[in-house]
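One structure is given below, represented as structure tokens, and several questions about it will come after.
Chains: A, B, C and D, in written order; residue numbering restarts at 1 for each.
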Amino acid sequence: MKKITILINCKDSKGIIAAVTNFIHQQNGNIVYIDQHVDREDNMFFMRLECELLKESFSFRVFKNVFRDVIADKFEMTWRMYDSDQKPKMALFVSKYEHCLYDILSRYTTNELEVEIPLIISNHQDLEPIAKSFNIPYYYIKVTKETKQQAEDEQLKLLREFEIDFIVLARYMQIISSKLIEEYPNKIINIHHSFLPAFPGAKPYHSAFKRGVKIIGATSHYVTEELDEGPIIEQDITRISHINTIKDFILKGRDLEKIVLSRALKLHTKRKVMVFKNKTVVFK
Amino acid sequence: MKKITILINCKDSKGIIAAVTNFIHQQNGNIVYIDQHVDREDNMFFMRLECELLKESFSFRVFKNVFRDVIADKFEMTWRMYDSDQKPKMALFVSKYEHCLYDILSRYTTNELEVEIPLIISNHQDLEPIAKSFNIPYYYIKVTKETKQQAEDEQLKLLREFEIDFIVLARYMQIISSKLIEEYPNKIINIHHSFLPAFPGAKPYHSAFKRGVKIIGATSHYVTEELDEGPIIEQDITRISHINTIKDFILKGRDLEKIVLSRALKLHTKRKVMVFKNKTVVFK
Amino acid sequence: MKKITILINCKDSKGIIAAVTNFIHQQNGNIVYIDQHVDREDNMFFMRLECELLKESFSFRVFKNVFRDVIADKFEMTWRMYDSDQKPKMALFVSKYEHCLYDILSRYTTNELEVEIPLIISNHQDLEPIAKSFNIPYYYIKVTKETKQQAEDEQLKLLREFEIDFIVLARYMQIISSKLIEEYPNKIINIHHSFLPAFPGAKPYHSAFKRGVKIIGATSHYVTEELDEGPIIEQDITRISHINTIKDFILKGRDLEKIVLSRALKLHTKRKVMVFKNKTVVFK
Amino acid sequence: MKKITILINCKDSKGIIAAVTNFIHQQNGNIVYIDQHVDREDNMFFMRLECELLKESFSFRVFKNVFRDVIADKFEMTWRMYDSDQKPKMALFVSKYEHCLYDILSRYTTNELEVEIPLIISNHQDLEPIAKSFNIPYYYIKVTKETKQQAEDEQLKLLREFEIDFIVLARYMQIISSKLIEEYPNKIINIHHSFLPAFPGAKPYHSAFKRGVKIIGATSHYVTEELDEGPIIEQDITRISHINTIKDFILKGRDLEKIVLSRALKLHTKRKVMVFKNKTVVFK
């Protein structure tokens, strides 16, 4: 059997679910999962659907075309369709912090992630040995004020060459440019080490310490033009108290960053996240 | 518009979702919510669906009959259908602990619960003043070894008289008899003050203290013949440490009990819980 | 035995703990609990100590004087000493929301709080019946732009008359004036329905919904001149998702507000909170 | 300055804290941290204390002797004293699961753990490449029914040779023998993949799935003769629901196992854990 994942959003109206499920049924498909959401404020309909079709007679191209003609156009849908067997290709951007890199690569090595990682890009050479020990190509592209433009072009060239589908910033300490964001809209995942919207920008653990909060957090979100303001995919928190120093915040925070980033990238990889009006719909 | 909630489970097979959604569509209904689950181990299909139908032309009885004839019988479904406007009637059973009673009644008073509470039944007189302050009839039915049989008959008589749909044991300190359980299958909600299956039976906080656990819990479940072994609806936990005494366990536990029981009863009230093989499917 | 609680802070230096514990020992006291914290950034020492002394020979006044002369003055301590038997007197300020009021009063009634509540003050009459059902005097003091000054004077008069030690704002929907804050420094406890410093000010649930966060929170803090910027005593959070409406946020938030406020007021009541530089030290 | 950590427990009596703190003071030491606990049930006193002493004049041996003579013997203390600069030596036991191994070694590499890891011992060869990539000697000691006795002797020989202080079982799939347990009392840390005492023994995720719990957990504890019944150091949990398969339980569980085990081993390493009557006192 061929497994297909379909993500849909459009203006809400009567009969969408019936139309879609009927269509799958008529194509001799079997729906194995359906989840749907209606945003009542904006009157928007969202759906995620997994279905199985007989492999022999199935053509992904034809199926897509028929779906467009019969269903999508009628309801003026924004939609994506994926071959569930096809793993997305992910680029890792890192700088000097190794904890998220280790975490992602050890998950990758143990087949926990349904993804391919063809390359790691970094503005520093420090983490190259780690990449090497996991056998992932590591591209060192220096970024300075003067070379930023050129560095980006090099990055983009690599991303295209390796046909990268999405990017994970594993504590990459550089602002991502508009060009890259435009090329990868809602496809660049960042981990910010605070409970956004609290403490955006630099040194959130220091700010949290200063404010005397009793809980710290981490937030994974898609990168947009506005720094730390993109659609939130996942967040989590941990308790701290007056006995904890900033160093403790950083250590406890690391575990949060690892967990939250890995959850977000898994959700993205399984095509469970839809973005609308700078918010995410995250299907189960 | 008339709002209807349908709960379905049956052997999984192709086309169920299409058949159901199509049916609603043909009845000029609009699906406002659909959630579905397939238990791959047992090959069972579960669905919860909310739909809106034009009030004028709608007859609940007719709609049910047509659904049975056209859909339910075909797929050999176990199914329930509710008029969403109709609030279920709930009986509260209490003994001497007041924290869950206060919690439920204050939620009830502030219209947080979509339920009617026509009566409270107790084997003690202690909590009658609380019931009175919230204007809920309170029936004191003494239970002793000798009168247990008779007490139960009195309880059942009241439950029938008030057309009670389901029962909440808000720290009711008596074993529920088979007769009552049979009359209310998966309709008696209990709160047990441990993280089941750890520490079933009496004095779970004392056992937790003795074992030296670092986390305690509470579990809300449907009552079955096996004590504390019924289908779990909701659980939650809280951290404790060596500094906490049994008295602390009890105090911290109270807050857990209140929260977990209220969540479970809300889920039940909104018809979001299905039971299969002593486990629950809890729709969002 | 007489039980005494001592809270101390001063510049850190050698021998403070030895001096204090030695002092208690020499007074024939037994230390039943000691907790201490050193803020390395500011080089400040904090200690909380509970000790038991023989009741017959004990004079609180004399003990305080000796402690001051022998210990406190030497180390230039800021310190407080409490008779642990003496329950603090708390005033409740409410407006129209009843959930925190119900929660606190039901805890009060079941002797969960080591506190006296001589009165409730409100700018609305709505909650008077609840106060009545718990037998707590309820003072309705209308607050308008024109009468704000006068209303406050009335409030202060009542607080003095009843010898109120601290104030709990149980969703009181008025800004507290400087005069009241000065009279009760770090003695007015507020509950804010967001995870501060995120979403300060009005309508935090609406802001959280708009931003698309995956977790919402509540924060209990001491009231200072800066709105929602006082020292944080306690925070907690709950998960939400795209399916939750603002109404859900509010309902889920209520449970957070109740729990967080009750924890904060218990910590305050047990004299476990010290404030320094707009942050709290919260002893276990 | 020399930093010393002292752990004490003894029958509770008047004046212990004063005696100890006074002693440190007289030795020209400065107490930088003190935490204490009294178990009222058993009337036992526990204390953890960190102090700084002038390096030049300090002899660890002499200090220990004086402490014994002046303090410990008087109060009949069970006590331990550590040079805080001296990192404990830890042996890692693994089998085939790599997630905990990766987690610990990446923390080790990034200097998050105050420990030395001179060797890894395994009953399988599978994880040797990982050990190699982190440059840790890996000893493969096959364990079969017939060779169990001999394998253990080999293990013990290595542990002695490397002067191992404590052992971490990072999902080591063999029962530890009495001999090893006696040699390392409360010094062998295990991670069990359930919320103990629920689901002890084999295949806890399968049992949890079958029972239909809404929360799963992991427990780190010291190994004793009774399987999964040793003193609990740390536990944590994560939410699951009906949509999760056993495979999901295992994946979600992995993250729990990593976090809980790493927390437990950090607590042990920092000498924050005391054991009494099969329970732990875990200082902050």
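The criterion applied here is as follows: contacts are C-beta pairs under 8 Å (C-beta built on N, C-alpha and C of every residue); 3 or more make two chains touch, one makes a residue touch a chain.
Bear in mind the structure is a predicted one, so any value in this text is a computation, not a measurement.
Contacts with chain B and chain D are shared by A, C.
Path length between chain A and chain C in the touching-chain graph (shortest route): 1.
Taking the mean Cα position of each chain as its centre, B sits at the greatest distance from chain D. The distance from the centre of chain C to the centre of chain D, each centre being the mean of the chain's C-alpha atoms, comes to 37 Å.
With touch defined as above, residues shared between interfaces to two or more other chains in chain B number as follows: 241, 243, 284. Note for the complex: chain B touches chain D at residues 37, 39-40, 195-199, 211-215, 217, 231-237, 241-243, 245, 278-282.
The touching residues of chain B, when paired with chain C in their complex, are 98-99, 102-103, 106, 109-110, 112, 133, 241, 243, 251, 254-255, 259, 262, 284. Looking at the complex, you find that chain A touches chain B at residues 14-15, 17-18, 21-22, 24-25, 30-36, 38, 284.
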